[in-house]
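In the two assemblies presented below, chain A is common to both, partnered first by chain B and then by chain C.
Showing the complex of A and B:
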């Protein structure tokens, strides 16, 4: 076996067996991580392990997804029955599908929390701005992954969520209809759409993800690792092995255990076979899109689309919008920043439900302003009012709290985040038959 | 002495190779787009549907044709209208609620009256229609292409 040793060890093999194994494992780890990391970066609340958990979930998704491919049939006639077979006949099929389903859902949560954590620590400025953009792209990719995967079981939930999702696209001026036709391979959700979504979900998107994720990891190391507050004394640096590796191993084991237990207890949902004549009542999109669906109930789709676009653009341009690196690594910038964030969150918690109620029961702009076209009364007007409200919050924090630009942005974004969260919660729990407001208890 | 407009052999070959390369790339791009573009199967998304004798539909009634993806509505004064079941908001299928005398979309709560006019937003415009023709007293609906409309009008109705 001398040739094998020469192949895997750079210098001669270590004398003992256990050291040989370790030498290989260690050089793999040090390929990903730097040899030493700052002690501060190892404190758990510095990262909450969110990026690592997301990467782990991605690996779980790839493995479980490849296995599922062996049992799935991307045709309208057979897709639903092949998923049914997974649930009932195939040994461990239901568990495997549940692991894939819940890992995909959990990944949306951990990736968003990762984004929030990086924003809070100010880790998007200066040399890290490129990786902030890459991260946003990866989050978008995760959502597209979820969207394309959603159609594959070909049940009622799948069919109508994709119908609504692509219907939303058609409101985009000029480009919307061609993109929707291209995605669906026709005017409606049918066999060409299922084939397209499957190819995207299992081939094209994974390739993009592998390249994007590799670049994201590489950039983290290049940009100096986790964002840390500037310290007067030089911080001690600890060796990656074992200090960082042990933490990662622990977090990975806890995540996997939690995910597998959850998947054993709660199987992935599967509704009735898709029926193009009768949407279920209420017909809802996937839970992570329900915030946008709730927005659609209150304004013209073009306005809702624009608002979402403005939000996304704001996040993408954040590194240019906030370049103040003085408070780098301090969560929410400063005590004032923390206060601004708390105020923003509180306003979001108060105002969003209030606006939903007022629009639902009392305010009917199209009837009130019957002379204006609905595109103005139900679209432009709510859009401008929303943007004016956001500007007012920013201005209020600047003058009321004497907050710096960077601190006021914390308040503004925390308002937007909480508002989106409230809208999502309303969409999930408080919308019943015909999308009317209900009280679930 | 060479003239200004002549070009060296090297430049000519470079330009020629670039042009050929560009042409090749355009061709590959075109092929990919065509390969990925919408694939249509004849009749998959609609065709001619025979609805039945005009006299068999009572006034002020709505009859669903699930396979044709439309409703045949008859107003109280006898006019016919083939209404698409595709909600103009985001494409969900509307259903006819006879007790409320309206089409209702379960996805986002839009309501439409018998002629497909919007009673309750968020739908931005009335339901699409399909052209109806009469052949030996039988109503024939062409579901190949829906006709969008911004408001309802009497001339959209067909009287037999």
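Showing the complex of A and C:
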């Protein structure tokens, strides 16, 4: 085996087995991690392990996805039967599909929580700007992954969620129609769409993901690791092996166990075969898009998309918007920031349902302002009102709490985040037939 | 710093345990999932069947006129390929067209697979119920009836007469839909009541029936019939001219489509069912017999529709009641029609001195003493 050791070590191998083992482990692990990490970064509540859990879920998704590819057939004629076969005649096929399905959904949640965590710790400023953007891109990639994967079982749920989803896209001016045409390869969801989504899901997106993820990891290390509060005395540093590796291994095993047991208990959903002639009522997009779909019920599509776009742009430009590095690493900046965040969240929790109810039952702007075109009365006006409301929240926090810019931003963004959460919840649970409000029990 | 590792390995232990349990149950889970899937396929196929197939093959797959029946062991024993290809591509020279979308039809591969599942594992009562809800009431007898006088007439023909009678009976039940009631043949099958056929020997005919004719609709009947039944059939076919000369002929029953929105038609159906099913015990026009006099004010004023329906579905609730449960034998549509017909009697029903049936002893009217606990 001498030639093999030469391949790995180039010069002679370490003399003892113990050293050899160490050398291999160290070199692999230390490609990702620095040799030593600050003790503060190792405290679990500092990160909640969210980035690591997301990375682990990505690996689970790659492995389970590759296994699924052995039995899946991306043709309209056979996609559904191949999934049925997976569920009934392939040993562990149902479990495999459930693991892939739930890991994909969980990844959306952990990635968003990771974003929230990094925002709260202020880890998006100065040299971390670039990685914040990469991270946002990766989150978008996760959503596209989920969106493309959603169609593949070719059941009613898949077919109509994608029909609704690509329908949302076409509202986007200029770009919407071409993107939708490219994705679907035709005017409706049919064989070309299934083939396209499959190609994107298993070939193009994974390549982008691997490059993006590698860059994301590399930047984390190069930008100084986890954001920590500045301290007067130099913080103690611990060796990565075993301190960090033990935590990672522990969290990974617990996550895997949780995911696998959940997948064993709750199989992935599979509805009837897709039937383009019979739309379900209500026809809903995938759950993570229901916030936007809910927004569409309240304003002109253009306004809703513009609002989403402004939100995304705001997140992307956050490093330029908030450059105050004084409170870096302190969760929610300061006690004032924490209060602002709580107030923002509370307002979001109160006002969003209230506004949904008001718009659903009392306020009907287009009939009230019958002289104006609907693009103004149902589009521009609600959009401006919403933006004015957000500005008012920001201004109120600034003057009422005497909050600094970065502290007021915490309040503003926690309002927006909670509002989106509420809208999504309304979309998931409170929308029934014809998208009318219902009480779920 | 050991804590996360301990927690992690505990989790791993839990995972290994859970995986072992899952593995142990996997085989059974797959069996159940397959059974469930087959059930779903049969249910879906029933709807497709009623929509596309029932007009020719009959509301319960009993076959109509020249169209072959599907609810028999011959079809159930056919292999997947034959059934799939027959449905997908049709059958040349017959009324059966290609149903697959690729052949200009209306059904997808998936739907045809489901239809094959229905044919092979068939649950025709389910189809019958669905068809009834669409207003297609199957005839109570799919095959022509062979009357006792006819059997007696054939038996009198000679020493082998009883075998021929048996053969005629089997022919009526299994063969008429393709070969015709008088053996005249159809677009699906050759004529049998011919001198050419009678010129063959019994062994040839027996072999044809037993093994079928590849490339035609003629199934191998040795899966469904006993050897002695097949030879009885062959004997009958060889002597059909003599049977016919004795004046014995079969006639096919006909199906009728009922407009369920038409109250008159439903009442007529109810009346037909009542006379064929109920009067044996409940007397002519429901005037009473073994069972109570339904056509009486006492009965009708004390029982509401729900109670009557319940009694038809579940049978008599009194111990030793000889009222059978009809829930399995009649579809919901037929039961509703029956109840409506019974209710319609109330306008003209007489008051009867003693409405009780002979089976119910004394001690006052049963509906007064038989309180629900």
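Here is the rule we use: the second predicted complex is superposed on the first by the 429 of 441 C-alpha atoms of A that agree within 3 Å, B and C clash if a C-alpha of one lies under 4 Å from a C-alpha of the other, contacts with A are read in each partner's own complex, and residues count from 1 in each chain.
Throughout what follows, a contact is a pair of C-beta atoms (placed from the backbone, for glycine too) under 8 Å apart; a residue touches a chain by one contact, two chains touch by 3 or more.
Since the structure is predicted, the reported quantities are computational estimates derived from the model, not experimental observations.
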item	value
Which superposed partner A:160 touches (first chain B, second chain C, both, neither)	first
Per-residue contact with chain A, leading partner among chain C and chain B	B
Partner chain(s) touched by A:301 [first = chain B, second = chain C, both, neither]	first
Touching partner for A:243 - first (chain B), second (chain C), both, neither	second
First, second, both or neither for A:375, with chain B first and chain C second	first
Touching partner for A:316 - first (chain B), second (chain C), both, neither	neither
Partner chain in contact with A:63 - chain B first, chain C second, else both or neither	neither
Chain B versus chain C as contact partner of A:425, first or second or both or neither	neither
Chain A residues within the chain C interface of the complex	44, 77-78, 80-81, 84, 87-89, 91-92, 94-95, 242-243, 246-247, 249-254, 256-258, 260-261, 264, 273
Of all residues in chain B, those that touch chain A in their complex	36-40, 44-45, 66, 69, 85, 89-93, 95, 104-109, 121-122, 124
In the complex with chain B, residue positions of chain A that touch it	160, 163-164, 166-168, 170, 181-182, 184-188, 190, 192, 276-283, 293, 296-297, 299-301, 366, 374-375, 378, 433-436
Chain C to chain A touching residues, read off their complex	1-9, 11-12, 14-15, 18-19, 22, 26-27, 29-30, 33-34, 37, 108-110, 113
